[in-house]
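All chains are identified by letter, namely A, B, C, D and E, in their written order; residue positions are counted from 1 within each chain.
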Amino acid sequence: MSSKPKIGVYICHCGINIAKTVDVEELTRYAVKLPNVRVARDYSYMCSDPGQLMIREDIRKNGLNRVVVASCSPRMHELTFRKALVEAGLNPYYLEIANIREHCSWVHKDKQEATAKAKKLLQAAVAKVRFLEPLQEKEVDVEASALIIGGGIAGIQASLDIANAGFKVYLVEKTPSIGGRMSQLDKTFPTLDCSACILTPKMVDAASHPNITLLTYSQVESITGYVGNFQVKVRKKARYVDFSKCTGCGLCAEECRLADRVKSEFNMGIGNRSAIYLPFPQAVPAKYTVDPHSCLFLTRGKCGKSPKCVEACPAGAVDFEQKDEIVEFKTGTVIVATGFDVFDAARKPEYGYSDYDNVLTGLEMERLISSSGPTGGKLVLGKGDGEYVPKEIAFIKCVGSRDKSTGNEYCSRVCCMYTAKLAHLVKDKLPEANVRIYYMDVRAFGKGFEEFYDRVRREGVRYIRGNPSEIFKRNGKLVIMVEDTLTAKPLEDEVDMVVLAVGLEPRRDAREVIDLLRLSQSSDRFFLEAHPKLAPVDTATEGVYLAGCAQGPKDIPDTVAQAKGAASSALVLLSSGKVKVQAQISWVNEATCRGCGYCVEICPYTAIELVSVNKMGHEVNVARVNEALCKGCGACAAGCLSGSVQQKSFMDSQILPQIAALGGKS
Amino acid sequence: MKLNKDKLADFLAAIPGKTIFGPQLSGETLKFTPITKTGDLCLTANNTTVPPKSVVFPQTETMLRFEQGATDIRTAEPAGETVLFGIRPCDARAMYIVDNVFFWDVDDPYYLARRTNSTLVGMACLDPCVNCFCTSMGGGPASTEGLDLLLTDLGDSYLLEVLTGKGEMLCQGAGNLLDEASVADKEAAKLLQQKAAGQIRRKIDPSGIPARLPALWESPVWEKVSASCLGCGICTYLCPTCHCFDMQDETEGAESRRYRTWDSCMFPEYTLHASGHNPRPARRERTRNRINHKFSYFVDKFKVIACVGCGRCINLCPVNIDILDILSKVGEEAL
Amino acid sequence: MPDLEKLRALAKETISRDDIKCLIGWRPGTYGYRTSPHFVRSPEDADQLIFSPLCSSNLATYLTLAEKRPVPRGAQPDTRKVAILVKGCDSRAVVQQVAEQGIKREAVYVIGCPCEGIIDLRKLEDKYPHTLERVEARWENGKISLDLPGGRAVFPREEIVAGKCLTCRYPNPVIADVTVGEDVEVRGSAGFEDINWLEVKNAQERWAFWRDKVNSCLRCYSCRNVCPMCYCEECILEKQNPAWIQRSVNISENTAFQLARAFHLAGRCIECGECERVCPVEIPLTHLNRKLVKEVSEQFAFTPGVDPEAKPLLVGYRPNDKEDFIL
Amino acid sequence: MNTHPYKPNIATVQDTWFETYGDRCIKTFKVVFDDEEVRDNWTHLPGQCAMIGVLGTGESMISISCSPTEGKFLRFSVMRAGKVTKALHELEAGDKMTVRGPYGNNFPVDEWKGKNIITIGGGIGQAPLRPIIEYIRAKKAEYGDLTVVYGARTSADLCFKGEFSELAKVENTSCRLSIDVKEEDWPHYVGFVPALLMEINPSFENTIAITCGPPIMINFVLQNLKKLNFPDEQIYTTLENRMKCGIGKCGRCNAGNLYVCKDGPVFSYATLKNVPEAFA
Amino acid sequence: MSEKFEPNVVAFLCNWCSYAGADLAGTSRIEYPPNLHVIRVMCSGRVNPLFIVNALQQGADGVLVSGCHPGDCHYMEGNFLARRRFALMRELLNFVGVDESRFNMSWVSASEGAKWKDVVTGVVNNLREAGAFTEFPRKKIDW
């Protein structure tokens, strides 16, 4: 039943954000004259309670049935105003927003020009709103479980929160153990708690939680479906160790022919491990894994007469017959917590990282200095006879951060503090060592950070403002070429050891996850949140959230906070048990559809299929949309030659008037 | 009277205040457009592709204008005075026939204005084209029905035959350019005209057709003759006697107009009901209507066949649907 | 050049089959050079069939043009096959229709007719106007001979065939259940000389070329109706609600109509040239199509109407499609 | 006064209401011409129609669904079907619409004086019948018995629902309603209109039958009227072909040699039976 | 012409990248010419190439379609589909003599507020050069 469009136009001043550059009164006078407009009002903050009330009252009193709000971006407040419509008993899809802030008042200076543009944008919105149709929001049930990708502190925390709320969690970790980068750290700034001491209990909690299914050494192969109803396929890589039998005794590793001959990833290559290994002592699950890339039996087909590990294992747990396993399950939401990689210091060859053994990265230093590390916490360099204790130690900050030449313009946020922390630890271990830190700026913005920085300086760590240009070896010493930018003096600093405070980068295999979930990347290549301020844990894909360094560099407290945020977002979905599916999806006018199937091919979500119908006695094919699968991109609508498939709220009949309004003179 | 061809430009120039349309190339098409240079005139070729009905009944014609939201409706300004120079007798006759519709009961004000404001200067058809059959339809290469003035090409001059007061007026204005025609000139013209009529090879006797058509309503002939029809608008748009139109509203900015535009009974949409029901669901019914309208319904109403034998629909139908072929099949069909 | 007797015999045999409801071919027209599509429904009808350089119609159009009359309650629709004669270009139309599900492959019985080029009637009429007597034509050793009222005339193929035939690379049907006659040599040029001259002009000159032509379009829709690929139940270009294109006939709507029609054939046009042939005001429509054929082939290495399994061009993409035009 | 045949008159919608609901709902408009002169000079008779429209959208031919005896206003009942009717449906009291007409012929009410009248309607087909019913009701003395037979698919699809109970109270008037399938609390006939007609079994003597409705219903009603021995001349119906101009120029409304806009819309079966296209 | 010609541009922006990018330009107060007016669609894949023709008819002097960078489409492949369609539409327009500057396409991501400004400025400047679209706008038609 079509009733006469009665449009209310609401023009927001946004304080002075809009009103300063757009003549809102003039715009209001203009709006009343537009066809079908019943009322037009302007107000300082349309999104505020009184603003919304104004709209609701008008709908009730003036019988409005269409609303145009001229305000900020629809990406900002579309939902707010839709809700206002609903509260006034109007279908929420009778709303159109004219973006006169982000697209107008904020980007233009001339008031006349901005007002003229605002008029056009408003006119187009009015032209479109007249043709909008009411849409029904359907609900689908939400599968009461969550998938968490990445078992770092972010993933662990999110898992625990969701599991504690009573929902099932699948925690998928790529490596043999959960723990992530945090497990590699020694102490943590600024409080200097031992990283393992605070992390391990959480890892154990996660592993033993009845609601958490831990899928370590696993990778998500595919995720299909939609919010509330994702179908997930996970590949559990073969560990060649029977989980149920392995007691974690480690005899196999001791016996392994490659014992201590394979570089340990966990120790950043500083220490070694066997081909069958536990990544680190506190690893969870505490089960051994055969590394298929180094294991003699797996790479060459034989290992002596028979694999030593098999012989050594008292439980008979080693099983070279094991195959990858595919686990499939349904889940309602997904949290991406895949963390970060550190900057590859070799990309700054001037620092000699690839050339000199005594140039280390911060993460390597964490391992070196850790009491559970390869040296048992002794700060020594060199091997065997060449072993020595460094005396002159320099840190260089911002390696691979705030650096256009590496493509990383951003600040990695943790390097300043972890450098200070490491410097402190050095001082702690080697009080007489001379420690200096080359820096561009020191950023100590967090709680307790500035105090910590102060303390480290008081401990005798020297901060020298300068960005070293080169490091080379001279007389067995490392020489740092640098200009002290405070005194403007060039320096040649001879040291025994250099630690590069490498920055944080997106995981190098981030593409896999992007393809799985169609995530976007921001310009720093970390995963893009739905809104930098207001939806920092959401993504553009409904039901998929971000936690931890996958979204951007951050320290542990921020990581944990965000993980809790992501968990709470997921919990909102899970505990409500229902989710609204897209209303602005496509539908097919079967009367004019010619059954060519173009739309079927076009749809990236396989949401359209051809079905046979009877048209006046003839069996013909027509397209039909699966409403739960359609995501409302509208690609089908643009590809259908006969205009038979249309995207609701973005129909040809709604866009053409918009074009007419914008094309014509206002 | 006689007009030397050299003086043609002067003759046209001597017509004051009227837009003179003549057959000229527009794109690749011959049609009646306002003359700017007499050199562009194409008076020797046969019928224009687009019939001169486009001057008195333009393909798209504004009827009313109004502002959006306002209720003040303005009717389109009346057309100015025109001369259609070099119109073929069949096309003039077609206008004469179509007048029946536009002046039936209520005058169509737009057509009326254009029609009364136009003077039709005919050009006798001395080299008829292969599909001309005007002589079968009551006309001929020099028929005068509808014309105000008839010209016959005598080689280096035109013989002028004044047929109406309007024609008279034209000649008066250009009096000094005209010579007196001799009897020999007139004889020569007669002969040329007769020769032309003799050259017309396509013929049919339509006399029985109007009477036969109603009984052939369900005849298989319609399926047969329409099987290859594409359902396009060529035969009707380019037919000088077809006069169907559609009316639409169009808005540009704040202004709107109501206009009419040629329509065709060969289009499905023409009769399609809003419910989806179509009383003429397929090309069989549409072709049947086209023939019936011209040869039966129109005759019922106005006592004249609405076809002048210009041959356009035969020449231009891309799939050789040939109205004479249809008519002869209608003639043959057992009742 | 197929033997007409064989062709007719084949047609008789075909139409006698239980699973064939109709055979579409060509017959001589009512006058001069014209030929007409011919719907063979009985063996006797087959006697009029011809295949000659005058058989311009692309009969594949009728596969999709066929109106589906309402089937009376209780009755069954006639789902038997339609047999159809196709030249090379016409066969591509069938392939493309099948590829985009306009028709089902099993619903047609394709009789292939290798073709050495079809006469452009406009060229012929310029040479011999006003011909009423029926004229026959045949291919002869790369030439075309005509029995004109004044005697026989022989033309080099290049002089008299349609433009589309000069660039035709598929003179032999690409799909056929049975073929009449021998395969012929491919002579069409693979280049785009026919449009290159226009492409090198500047924008103003190109618009000047099109303006008057497009302006004279009558919107009779013959070009669309004859096109075998235009088989929409309701053409978007005629829709009034919403109206993409107004019904008024003027340069704006006409240009939009032509652009839209051409665009709708991007990656679908099989170059049968029918649109241009039927246009009563002689708009060089194939230029538009050929431009797109060129782009489609150069940018996407795509040729429509050769592979019935191929996905239509514009339903897919390659990640490395050209994008040098994107800012 | 406006004598231009294409220039419509502006009229103001005074009142609107829905007769039926749903996708193809029917909305009734009561309108009055703005120009007093037009209002005073307007005359129409039952059966005639008018081109009503919305400026900027277009016009549609619509039956005038009131009798001139009802007052100086016009009524139209419009089913939402396409572009213009959708735009019309958006009109409310106070809005302007355009009206030109009246067009077409009318029921020969003068010839019918003294005769019994039976109207047989279906769905929106009741719209052209309503004026004749009202007309006869207003001039009851001049006519014989009036029988109104009206049916629709469901009770919700019946137009003018409120009016029949009043009508049934009028002397010499009877009213028979029907719906296709049974519904709770439906006191009237259940079944198809042609069958109801047979049940009523009217005598053809001195009786005019007028039928209007969907083509299929009309076909059966005609058959049944013939069974009841109604002579062709006593059967009337109206046609509703598509038209654009309303004045016999635009061409498309013809059914055979009849122009619905000028020769119709009211036809006697005696005329129509020779025009096969009328029943297409 | 004494007064400088100011083109009127209609732009179709996908919701997720380019519209967000334009929003970011706003949030970052990056100034650019006011001649361009945005129509928001969910995906550049929704933009029917005939919209371009229609916009030119309706009075636009130029058109811009902008979507996510290849591979970043929120709907996976909409921008790839759009790219193909517009590669062809652009050639077609060009072939009939519509100046190349009248149809533009860009990839602007949600984080490229600055690029958005560059795109708009570039398009508008080019159109200032090209002048008003006079080939087949409706408003040139004499009613």
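By our rule, a contact is a pair of C-beta atoms (placed from the backbone, for glycine too) under 8 Å apart; a residue touches a chain by one contact, two chains touch by 3 or more.
The structure presented is a predicted model; accordingly, all values stated were derived computationally and were not measured.
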Graph separation of chain C and chain D (steps between touching chains): 1
Innermost chain, where centres are averages of C-alpha coordinates: E
B-E or C-E, whichever has more C-beta pairs in contact: C-E
Approximate Å spacing (C-alpha centroids) for the pair chain B, chain D: 39
Euclidean distance of C-alpha centroids - chain B vs chain C, Å: 31
Averaged-CA centre spacing for the pair chain E and chain D, given as whole angstrom: 52
Interface hub residues of chain C, defined as touching at least two other chains: 69-70, 214, 236, 240-241, 244, 248, 250, 314-316
Residues of chain D engaged with two or more neighbouring chains: 82
Chain A: positions in contact with at least two other chains: 591, 602, 639, 652, 656, 660, 664-665
In contact (per the touch rule at the top): chain pairs: A-B, A-C, A-D, A-E, B-C, B-D, B-E, C-D, C-E
Complex contacts: residues of chain B adjacent to chain A: 68-69, 251-253, 276
Partner chain D, residues of chain B touching it in the complex: 63-64, 66, 68, 71, 73, 75, 101-102, 104-110, 214, 217-218, 243-249, 251, 256, 258, 260, 263, 265, 270-275, 277, 279-281, 285, 289, 292-293, 296-297, 300-301
Residues of chain C that touch chain E when the two form their complex: 195, 198-199, 203-211, 214, 236, 244, 248, 250-253, 255-256, 258-260, 262-263, 266-267, 287-288, 291-292, 295-296, 299-300, 313-319, 321-323, 325-327
Partner chain C, residues of chain E touching it in the complex: 49-50, 53-54, 57, 70-71, 77, 80-81, 83-100, 104-107, 119, 122-123, 135-138, 140-141
In the complex with chain C, residue positions of chain D that touch it: 82-83
